[in-house]
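In what follows, subunit A forms one complex with subunit B and a second complex with subunit C.
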Partner chain A sequence: MSKITVNDNVVEWNDGLTITELLKIMKYTFPMLIVKVNGELIRKDQYGTYLVPENSDVKVVHLMSGG
Partner chain B sequence: MNEIYTRNVPGMTEVLSKASVGIAGCGGLGSNAAVSLVRAGVKDLVIADFDVVEKSNLNRQYYFLKDIGKKKVEVLSDRLKEINSECKIKVFDKKLERSDISGVFGDVDILIEAFDKAESKQWLIEEWSSKFPSRPIVSGNGIGGLGKNEKLSVKKIGSLYFCGDGESSEEEGLCSAKVSIVANMQASLVIELLMDK
Partner chain C sequence: MNVAEMKAKHILLKEFDFKVKELYRGYSDKTLYINLDDNTIKEKEVPQSMKEKFIGGKGYGLKMLWDATKPETKWDDPENEIVISPGPIAGITQYAGAGKSLVVAISPMTDIVIDSNVGGYFGPFLKFAGFDALELQGKAKNDVIIVIDGTKGKITIEEAPAEAMDSHILAEQLTEMYSDSDAPRDMKNISVISAGMAAEHTMIGMLNFSWYDIKRKNVRLKQAGRGGIGTILRNKKIKAVVVKAAGVTADPNHVADMEPIKERGARFAKEMKELDPHQCRMKQEGTAHLVNIMNDYNLLPTNNFQYGSHKDADNLHSRVWNSYFTQGMNDGCWIGCTMNCAKAVDNFELKSGPYKGDKVIVDGPEYETAAGVGSNMGIFDPETVIELNFYCDTYGIDTISFGTMTAFAMECFEKGLITTAHTGGMDLSFGNIESSLELIHQMARGEGFGKIVGLGVRGMKKYFAENFGADPKFMQDIGMENKGLEYSQYVSKESLAQQGGYAMTNKGPQHDEAWLIFMDMVNNHIPTFEDKAEALHYFPMFRTWFGLMGLCKLPWNDVEPENNAQTDEPAKVPEHVDNYITIYNAVTGQNIDKHEMIRQSERVYNYQRTFNIRRGYGLRKHDAQPYRAAGPVTVPEYESLAEQYDKQMKENIGIDPEGKTTEEKIAITRRYREDRYEQLLDAVYKRRGWTDNGVPTLAHMKDLGMDLPEVVEVLSKHQ
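And now, the complex of A and B:
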């Protein structure tokens, strides 16, 4: 099985996996996120088109309001 | 050396006096972080906020009753100069947009993200990271509710840093003690990063 890590959890990887699909798999339904793949920040407008490479290290941070 | 800094940690005054720090948002996080940075020895700050001081800000922000109705950046700039008159404070008193970031903060070494809304935090972090990928941005994330000090931490992802509990929001209400802790976590981290540069 091909894998990636998402916030240090091992997750199954499929060819053509987008950030949008990955967020669904992870049940990350929060509207405001920061996503980094192998150190590169993926902008919100790229979530549907950016393809997550095999063996990637993905970090997702939920942004909370308040400042 | 200015006598203000005689009790500083050895070495920090020299480093901080040459540093430039940006603060996006001058509310609970930004106003408290700015004060700590100037007390520590930062003299060059760029502060941005479009808002005026309201009475409801006084439960957590570094403003006083006499400031109500005045622009936050102007009041904060004066207050910082009352701590150290040698400070050079640049102010931006309009609502920040993506297109402003390079012009307003292009010369700072580190940016403190101190916005209120999660949507604003997102575009600022995205914009900063695409324009200045190796320059640190220190974000406040999770400052709502009461206590739970044990949940406060710094999370690092490359040059992005998140201070807070990562899970509480302002909808739970905001308590001065917790907001000030996180503001000072941001300030403390900025000082540490500048010292490590």
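And now, the complex of A and C:
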């Protein structure tokens, strides 16, 4: 299986995976996110077009909010 | 009866004239003391040492309550006080969220200090009348109202037999009664504190703080919800406290330097305008925007915190609330709040109770209410949530506790611990709308099973065991209370840090000290015990600071600057922290930095812990949590996430779940999680400068400059 890690969890990867799709797969619906792929910050306007490379280390940081 | 006729029935008990002192750099350095035993009214000077160490808001409240009570004072003893203090920043209108009051008292739920942070105009108006805090002590013989007139410099205590008791009517009557005219420009100068009928008959009474909404031409309410302060108000036979201001000027605090405050305020307002529509939509939906998000992350308490999501949760989705909330209004609970999150449902027609058929304004629901009286009680009908929200408010009870208590009673009913023979024939299954409404009306009437539920989860556990033979051990596991206070509405099972964020709090499990679930469970940012301990040090201390100042927490991180992602510590929102430091310095003329900010809080936080220890609490054993907060108690709970729990067992515990029964797996998981919680306590106590029994060390208090004689006397017995 081709894979990536997302917040240290192993997740299946497929060719053409965008950030938008990845967030959908992870059910990450919270609006205040910071996404980094292999340490590189991905801007919100790139979520639909940026292709996540195989084996990459993705961090989706949820800023706190709540309460 | 009209308000003039009601006023004619008042009996004047005491009149007191005072000179309204102007504020200087956020303070008047005077407080107001009222004792209803003998109708004493007096002004007190604030000593410089108190100002330096306790700052204001909750700090002042704690100090005054400590001095006024003995270690054995009970909530319903006359000497228990309700102290209301806004803090030095309260009353500015140039930055969002600067109108809060902090209320402290000895709680009927917990027997320790409760503190509650509340909006509405009362706190700023109290300051404009020249007082940094208000102490209410003693008990009246008959129902009284207290009127603080900051326009004339006059305070009265008046017997008031004729006014309504429920807040939505009472606040309106008193606003009209004490306003110079019925013109909105005058009505907006009145703010009222009140409770309601159910506050008298339950332990979960809360306080409504009012403000006049000019656009709606009606009175709105914000709540000091937690810990039963409304129950104390009614026990003192206070019907209401009214404050009247001469109006709001541009700089009533006479701050040291207005320019930086204006500049930061404008910057924040721009963020709200440009970013909020794409971030939390606070202006459209308030905190109710969180319901569907929590459901997506399995964090929305459902059926007494058994589960974290539900197939019908979409009925409580933020877009549903968006459609109920009137848009385009000024929904700030203090002037100048550009976050405007105090949303309301207008013209809501009530379907039950004494006001059936009336069309009313309902303030909320906020997230906590939607989850508390909605999903956690298995109710997914938005109109029932709105109706329960309304009745909790007007009857003067806390929506969070009402939700968690009723959910507990419902689970006891479904599991057969109690039956219709105990509930007076009521079917208390999860989701039963009719019974839920009946319960709340019973609480207001002080009768039936509603009165028993009104004891709170801790009270019910005792009552059910003693009178109905219910299993105490099982109830201990599923009863979502710690220190006697009901949990607020987040599922903490999968976040060890949040378990600490709840059960290690000073007042009981309210999320306002720390909300760490995403940081811990989703981001995996704080994997080690030391990391979690650091978060459980920093965030509770940082968030305590809002309560010293008279600030609202929401503008801190419910909208975030565009470049926040690029900062070194985005979770802290450094630019907003810098706004707060700048504003504090500009108001007071001092020059603190972000480290001194935390020290200010640490002094008060550790004093509060010491206060609890003085009262026989505040030790490690009091930070224990019910197991439902940490993991699956029952077979269906485990099996609802079996794959996840089995995987954790294999990878984290090192035990193969293969061939084990669910009961065996529950026991293994429990041992592991309970042990981890103990390790967390060790790490956090160490980080906070406490002994392994959770007691602040004398050395730490000395270092903080809080080695006051009364503090040393309490702590030295526990070193």
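We adopt the following convention: the second predicted complex is superposed on the first by the 64 of 67 C-alpha atoms of A that agree within 3 Å, B and C clash if a C-alpha of one lies under 4 Å from a C-alpha of the other, contacts with A are read in each partner's own complex, and residues count from 1 in each chain.
Methods note: contacts are C-beta pairs under 8 Å (C-beta built on N, C-alpha and C of every residue); 3 or more make two chains touch, one makes a residue touch a chain.
Note that the structure is a prediction, hence the values are computed from the model and not measured.
Residue contacts after overlaying the shared chain place A:Asp8 against subunit C, while subunit B stays out of touching range.
Residue contacts after overlaying the shared chain place A:Val61 against subunit B and subunit C alike.
Contacts of A:Gly39 after superposition on the shared chain: subunit B is touched, whereas subunit C is not. Shared-chain residue A:Lys27: touches subunit C; no touch with subunit B. Subunit A uses residues 31-32, 34, 41, 59, 61-67 to touch subunit B in one structure and subunit C in the other. Every residue of subunit A that touches subunit B in the complex is listed here, in rising order: 31-34, 36, 39, 41, 43-44, 59, 61-67. Those residues of subunit A that touch subunit C in the complex are listed here as 7-8, 27-32, 34, 41, 59-67. Per the touch definition, subunit C reaches subunit A in the complex via residues 278-281, 290, 292-293, 296-297, 488, 490, 511-512, 515-519, 522-525, 553, 557-558, 560, 564-566, 570-571, 573. On the side of subunit B, the complex with subunit A involves touching residues 25, 27-30, 113-119, 121-122, 125-126, 129-130, 133, 139-144, 155, 157-158, 160, 162, 164, 166-171, 174, 179.
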